[in-house]
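Just below sit the structures, each encoded as structure tokens.
Next, two complexes with subunit A in common: one pairs it with subunit B, the other with subunit C.
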Partner chain A sequence: MSDPESVHITVNGEPWELALGSTVAELLERLGLRPEVVAVEINRELAPRSTRAERILAEGDVVELVTLVGGG
Partner chain B sequence: MDETAFLDDPLRVGEFTLRSRLLVGTGKYRDFEETARALELSGADCVTVAVRRVNLDPSAGPSLFDHIDRQRYTILPNTAGCFDVESAVRTAQLSRDLLDTPLVKLEVLGDERTLLPDPIGTLEATRRLVEDGFTVMVYTSDDARLGVYLAEAGAACVMPAGSPIGSGQGVLNPNAIRILMELIDVPVIVDAGVGTASDVSQAMELGAEGVLLNTGIAGARDPLRMAVAMKHACIAGRLAHLSGRIPRKLYANASSPMAGRIDGAEG
Partner chain C sequence: MESRLDPFPQRFDRQVRFAGLGIEGQTRLAQARVLMVGCGALGGSLALYLHRAGVGELRLVDRDVVEPTNLPRQVLFDERHASERVPKVEAAAETLARGGGPTRVVPHARHLDARLLDELGRDVDLILDGTDNLATRYLVNDFAVRDRIPWIYGGVVGAGGMVMPIVPGHGPCLRCLFPQPAPPGSLETCDTAGVILPAVAAIAALQAGLALRLLGADEQGRASFKPALVQIDVWRGETHRIEVNRQTDCPCCGDGQYEFLESAELQEPTVLCGRNTVQLPASAVRPDLTALEQRLERAGARSVRRAGPLLRFGAEECEVTLFGDGRALIEGTEEPARAQAIYDRFLGA
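This part shows the complex of A and B:
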């Protein structure tokens, strides 16, 4: 059933399927997000900007992608 | 003599220096253009922002990032909407990575209806963020003793609510804020509850080092005009504080001399 060449993750509460070995940087690119306006958390821990190119997403990872919005 | 001679020192919060003592939020505006114009007219150089999930819809419009000049403004990310220590700490860590700033406006709130700060969670989160190297500007109630604990925990400034967030009730307990200012050495910035310009002036006349507001401008019928009003109110209140108000007296005290009136009436 599950494709051995892919991983299944959750991004901002939604299910996503990625190619096995995808990095955080590749996820942002696939989503069409400008990397400078996003911060990333994986499994409730910050995934710092400096690690995005190397950090490989694993099966079941829960990813939060945040940005700035208006607020007080 | 030029009136600029009376302008005082900038506000210092940790390693940050702010020329304007008015800090403003970026929420509740009609659009980003109105936000940008209101910020400019307010004269503020520190603006608060919130951190939220990015819109994954590829047709999502422009980002607030494109409408705030980061050369001009000190960006102060908040942890608004966090109701526990853990989510406030996570949000602060995300904002630091997003903006490359150690500044955070810490909010740990008790419940969604009152948005009153959770004092115990706020103190715990302050300790953790200070330990982690953040410059913590902490939103709190007007409880003076709690403010002392927050300052002792290393907060860069303590920001008591004048009244509940967005309530427009002004500064409900000025005496508590005066007492807090006597007890701590870090700046006290009144945060939340401002309804109109006189609320800002009142807070500044009390001796607050600054005022942070959002809804008072964004929620006004004419937000841009109110931004100008708030700017002047902040300056007016600050100058009045530095000048020293006269004592309140029960009876009148004539400004014109009684002596020398016509018809030779004696003074």
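This part shows the complex of A and C:
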């Protein structure tokens, strides 16, 4: 049975379980990512950087974290 | 010379038949000037596509020479170029010339700093990204936004990569999405994670298609253009498109801060005379030495060792000392371009 205190989301294709009420900023922190080098797409829409601290991740959200590719 | 005056004979027939271009589009292509930043894997493929498409002028900039490890993915070079260590732009110009056609190719075997970018970029219609490092891309982004010149970001590593066209005044710039470059050593590079030609070809093809549209389309075609960030993975057979929007709080296209352009003007590599060493200035972001230590081993660096706040390793013919602030000493060369090439290859920013 799923825990009512958690939400289940997908991050870059992988399933993740987070505490209910977790924000995008908290997800990045938990993943150890530097926020200024990552773009965040949620449910196929780019989440503006200014909303990350408030945006709460919801059950079933599909998150893509994008970092620049450096090679060429 | 005749072919340049002749309004597109047989050679461009199939391209002219393509409704997106037509005679008018082909005429615009023939008058366009394009700055090709980097002329290796992506840059070489891009140069080939644009040369074949008949753009007016291609300015190629790359500071490096051809090496044997380039050949599986850098399509303009051959074994002679590699064994003679021919400058990449010269080798590219030679191969492109064999294809004939009206395009004027101007090679520049130099390191692209802010001054050279200003000299070569001020009168171009488009800048194409074929570079292997983020520092140059942030420099190009600042320049392109300031001078309102479109540029097309492309990056490739492993089996995939991504593309984003930046049309100043029409959609976001690179820093709307990624305000700061990742610290040196924190991203995989082609020297650490490898790369395969199909990934290069896919990314270069997408950049080239967008380039032909930006250069060849009429006003309406350009206005209807919707910028997006597109990721491609040729191993998994997947693509992903992200619609992107301008961010009003962007430091570059929002606030008009061009710090990469301005700091680059101040921070030049210095040759330490009599020491056969080049010093490269501190990076905008501090490197992650611990992550780097592990990655460098895999990248083929020799005897990687940590000495307190320093990281030392052997790279190609040189010995590199990296400081915590990103400053580096490259021993074994007095060529700033060579030192910068080694730094970017192993540290990737």
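In this text, the second predicted complex is superposed on the first by the 70 of 72 C-alpha atoms of A that agree within 3 Å, B and C clash if a C-alpha of one lies under 4 Å from a C-alpha of the other, contacts with A are read in each partner's own complex, and residues count from 1 in each chain.
The rule is simple: contacts are C-beta pairs under 8 Å (C-beta built on N, C-alpha and C of every residue); 3 or more make two chains touch, one makes a residue touch a chain.
Computed from a predicted model, the values in this text were never measured in an experiment.
With both complexes brought onto subunit A, simultaneous placement of subunit B and subunit C is prevented by a clash.
When the shared chain is aligned, subunit B comes close enough to touch A:L33, but subunit C does not. Of the two partner chains, subunit B is the only one that A:E14 touches; subunit C does not reach it. With both complexes placed on chain A, subunit A has more residues touched by B than by the other of subunit B and subunit C. Contacts of A:L65 after superposition on the shared chain: subunit B is touched, whereas subunit C is not.
In the superposed model, A:R49 lies in contact with both subunit B and subunit C. Looking at the shared chain after the overlay, A:E41 reaches both subunit B and subunit C. Looking at subunit A, you'll find residues 34, 36-39, 41, 44, 46, 48-49, 64, 66-72 touch subunit B in one structure and subunit C in the other.
Within the complex formed with subunit C, the residues of subunit A that make contact are 34, 36-39, 41, 44-46, 48-50, 64, 66-72. On the subunit B side of its complex with subunit A, the touching residues are 24-29, 35, 48-54, 56, 58, 63-65, 75, 77-78, 80, 90-91, 93-95, 97-99, 165-166, 192, 212-215.
Against subunit B, the residues of subunit A that register as touching in their complex are 11-14, 31-34, 36-41, 44, 46, 48-49, 64-72.
Note for the complex: subunit C touches subunit A at residues 38, 40-43, 129-134, 137, 154-157, 160-162, 174, 177-183, 186-190, 193, 195, 229, 231, 240, 242-245, 247, 249, 348-349.
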